[in-house]
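These notes open a run of structures that come right after.
Two complexes follow with chain A in common, the first pairing it with chain B and the second with chain C.
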Partner chain A sequence: MKINKHIAVSDSGFVFNPVTGESFTANPMGIEIIEMLKKEQTVEEIHAAVLDKYHTDNTTVEKDVAEFFELLKNFSLIDRHETTEN
Partner chain B sequence: MEKLRYERPLIKRLDGNMPNKFGMRSDYTPKTHIEGVAVKDLIKKYGSPLFVISERQIRENIRKARKAFETRYPRVQFAWSYKTNYLDAVCRTFHQEGSWAEVVSGFEYDKALHNGVEGSKIIFNGPDKSSADLEKAINNNSLIHIDHLDELYKIQELSKKQNKTVRVAIRVNMDTGIYPMWDRFGFNYENGQAWTAINKIMQSETLELVGLHTHIGTFMLSPNAYATAAYKLAELARNIRLKYNHEINYIDMGGGFASHNTLKGAYLPGTDISPSINEFAEAITTALINSDFPQNKLPLLILETGRALIDDTAFLLGSVITNKRLSDGRRSTILDIGVNILFTSFWYDHKITPAQPFTQYTEDTVLYGPLCMNIDVVRENINLPLLNNGEHLVVHNVGAYNMTQWMQFITLRPRVVMIDMEHKVHVIRDNETLKSLLDLEHVPDHLTKFDL
Partner chain C sequence: MKRPKIRIGVTGLNAIDNPGPGVPVIRGLLEAKSFDAHIIGLAYESLEPGIYMHDLVNKTYQIPYPSAGTDQLIDRLEYIQEKEHLDVIIPNFDAELYSFIKLSPRLKKMGIHTFLPTMEQFDERLKVNLPEFGEKYGIHVPKSEVIYQVSDHKKHMEKLGWPVVVKGKYYDAGIAYNADQLTGYFNKISAKWGLPIILQEFAHGTEYNVTGLGDGHGNTISAVPMRKQYITDKGKAWGGIAITDEKLLNLTRKFIKETKWRGAFELELMKNKKGQFYLLEINPRIPAWVYLAVGVGQNIPEAYVNLAMGKEVDAFETFESGKMFVRYSWDMIVNLSDFEKISTLGEL
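And now, the complex of A and B:
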């Protein structure tokens, strides 16, 4: 899973895709995951990091992160080439 | 290190388009406590879902309503509308505040007697009064509001048989300029039915016409319609005075005042458009005072207000079962609150607030209930903060009609608690169990056994 390298992310949650010109807003958890994707962390590493920091459980994190990736795909924020390979 | 509160990841496209039907977020603080008691403690102790009623709010509402009318008119009497919420604890709170009982069935009549209301302070309305119901009401000297001619003849017959004078009123329906016009109950004013019924009563030796009653509609947003109704009843009273030299004792304006809920499809929220009780009071009392009643013979003004006095006193607490995404991308959240216990979700876009702190991030959401039925939709569109499984929500303004029209369907009906003036919690209705239902059922002998 690789985030599109052109995506600009601000600390306040503003996400901009210069390729399409579209803007997005993400909550802090969304930004954290996008930042982890930018650092090319694996899905398993992302799950572990969330579980380590937040009061939640594995089932919830797996479900929510998978759904978040679906949103990123729908918004073309994940590299299409990478997505196809995955 | 203490772990942080989890919120699911969210990303939303920023669209500069027209406002959508999900609307804007309007709530910025969670509803963590009701009358000083923590929502999470209530759910922990009494289960989820749970109805919670505030005794303080009931008393405040009825006192405010009485003040609104009593400061404008010399003789006022409220009668608690049993069908709106006939839990004994609720009825008795209203009775302690001086309200009579207004009932629309034999069952409700018996409940009022059980609650200790004197028969003479029970107003018996409705189209379905059996002979047994009427006999009881006649014996108790109750006020019987006649709905149709067959009932009038039946009462006449019973009163002769019992050799008793019966105190009656007629329910009058009329055009007050609102739509839809309610003409199914009582006798019509414009076509002369009401005047005919009055004449029949006045000719009777055993019926005493003591009042005139109307109930022009429900969730009324126009105080002026009540003024029109009051003028028309006053006109009937004047005609009775002219023809029979008889003064009626009371005018009963019924109920129907809107609460602060938001009707489905309404452009503005109920909090913005529902008239205050003062506006209804001003319209009704001004019309009566300006009518032809002699100054020292103003009739008693009876009000059967239900919804406007009870809606905002009750909350329904529930929990999130799961979050899902629908095929078209919309977020859906499934709650343990279904339309079987929140009947009014068919009429209203109920205000729903999380019961725990949340961030400023929200998502357009469809709220479903737990029933395996497609109709189980609590809110079709709501802009809600992100909720995790097991977290709690509070549905506001659920005091009217839910605890009477709820259904035992698929799930069992939950507990109802009342928080008293000292913030003490009382269970006022137990939750249903399998036993409560099986107690009513009987299995024929030949169906007791089977092999699978």
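And now, the complex of A and C:
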């Protein structure tokens, strides 16, 4: 899964899509996931990193991360063809 | 190196809630690096704010309304030319473009250059001709029909569906959800702008605009897309952001290439949920938000003047996306003597 290469993310969590002109704010966990996606980490690596950092159960992490990916997809922040492959 | 001085007449000084492009065009011209602009305002009414912006406009003359005909306009421009020796005129209103296109050979003889679309280009993109335009150039446009009597809408509603956009031939539009509302808009808009009225299929989605400049040979000199972020009740952008949507840029390049567009323009588009763009309107002039293009690195007014003067102009290759414009109102304090001069003498 790849984040759209044009997306700009600031340290404060302000996310700007220069293709659509839309902007969003992400919370600290959201910023971390976006940064991991930018580094082309796999979904499994992202799950493991979140699980390790937030000390919660695997089901919760899977659900939350999947929800976040769905949001990114709906806002065109992830290439659509990438999401269907993953 | 000393920059040449170019004397430029600019219309559209009505910087109000539905602003004309004149003032932002002038701001672009004053920031030009290739020449030193001397600005002569051309105003229709004595309360157009640009008349009183003496830091932007050197002198303003009133000119007759387009409805007065081209003879009166050329008489007035001859008088102005005797005094001001204009090199270029940039007309900024849809309603005056017909007159200026028609007069451009005579203006050229007077030493005044323009850079306007041809009469064929101007007519072809008229709202009433937009469906044929879309079909000819392979660009999606919403379905539309032209009506001269309000009762004529009935035969088109099955095809267009509700709601429907009711548009004047030059300006003004309203979204009608039923026949009563349609009648109201028909009467209001036709009283102001005349007939026909255009009924256009309502396109759902997000509004995008592109401003640009074609060299008349099919080449894109400038193209800057913008997403409207704040829209007034008149449908005007009060805030917008420059974006880099390749689909939009390609559509714009295609429009310029296919039509061999000459001059500035604004494309008004709607993007639906599937990501398809529908062309709602083509305005054959610089839009009021053009200063965003200047701010992101494409000084369209400057390039326009250089093209009008017959100079070689390199196409802009890039611009800075993610920059925004936020419009604001500003109260000027104006001396009554200034108002008196423009009202009685027709110049200030």
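The rule is simple: the second predicted complex is superposed on the first by the 85 of 86 C-alpha atoms of A that agree within 3 Å, B and C clash if a C-alpha of one lies under 4 Å from a C-alpha of the other, contacts with A are read in each partner's own complex, and residues count from 1 in each chain.
The criterion applied here is as follows: a contact is a pair of C-beta atoms (placed from the backbone, for glycine too) under 8 Å apart; a residue touches a chain by one contact, two chains touch by 3 or more.
Everything numeric in this text was worked out from a predicted model, so none of it was measured.
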item: Clash or fit, chain B versus chain C on superposed chain A; value: fit
item: Which of chain B and chain C A:V19 touches, first, second, both or neither; value: second
item: Which of chain B and chain C A:A8 touches, first, second, both or neither; value: second
item: Partner chain in contact with A:V43 - chain B first, chain C second, else both or neither; value: neither
item: Contacts of A:F68 with chain B and chain C, given as first, second, both or neither; value: first
item: Arrangement angle, chain B at one end, chain C at the other, chain A at the vertex (C-alpha, nearest 10°); value: 90
item: In the superposition, chain B vs chain C on chain A residues touched; value: B
item: Nearest Cα pair across chain B and chain C, whole Å; value: 7
item: Chain A residues contacted in one complex by chain B, in the other by chain C; value: 22
item: Complex contacts: residues of chain A adjacent to chain B; value: 15, 22-30, 32-34, 50, 53-56, 60, 64-65, 67-68, 70-72, 74-75, 77
item: Of all residues in chain C, those that touch chain A in their complex; value: 206, 208, 226-227, 229, 240-246, 321-322
item: Residues on chain B engaged by chain A in the complex (per definition of touch); value: 3-14, 325, 329, 359, 361, 386, 388-389
item: Touching residues (chain side chain A, partner chain C) in the complex; value: 6, 8, 16, 18-22
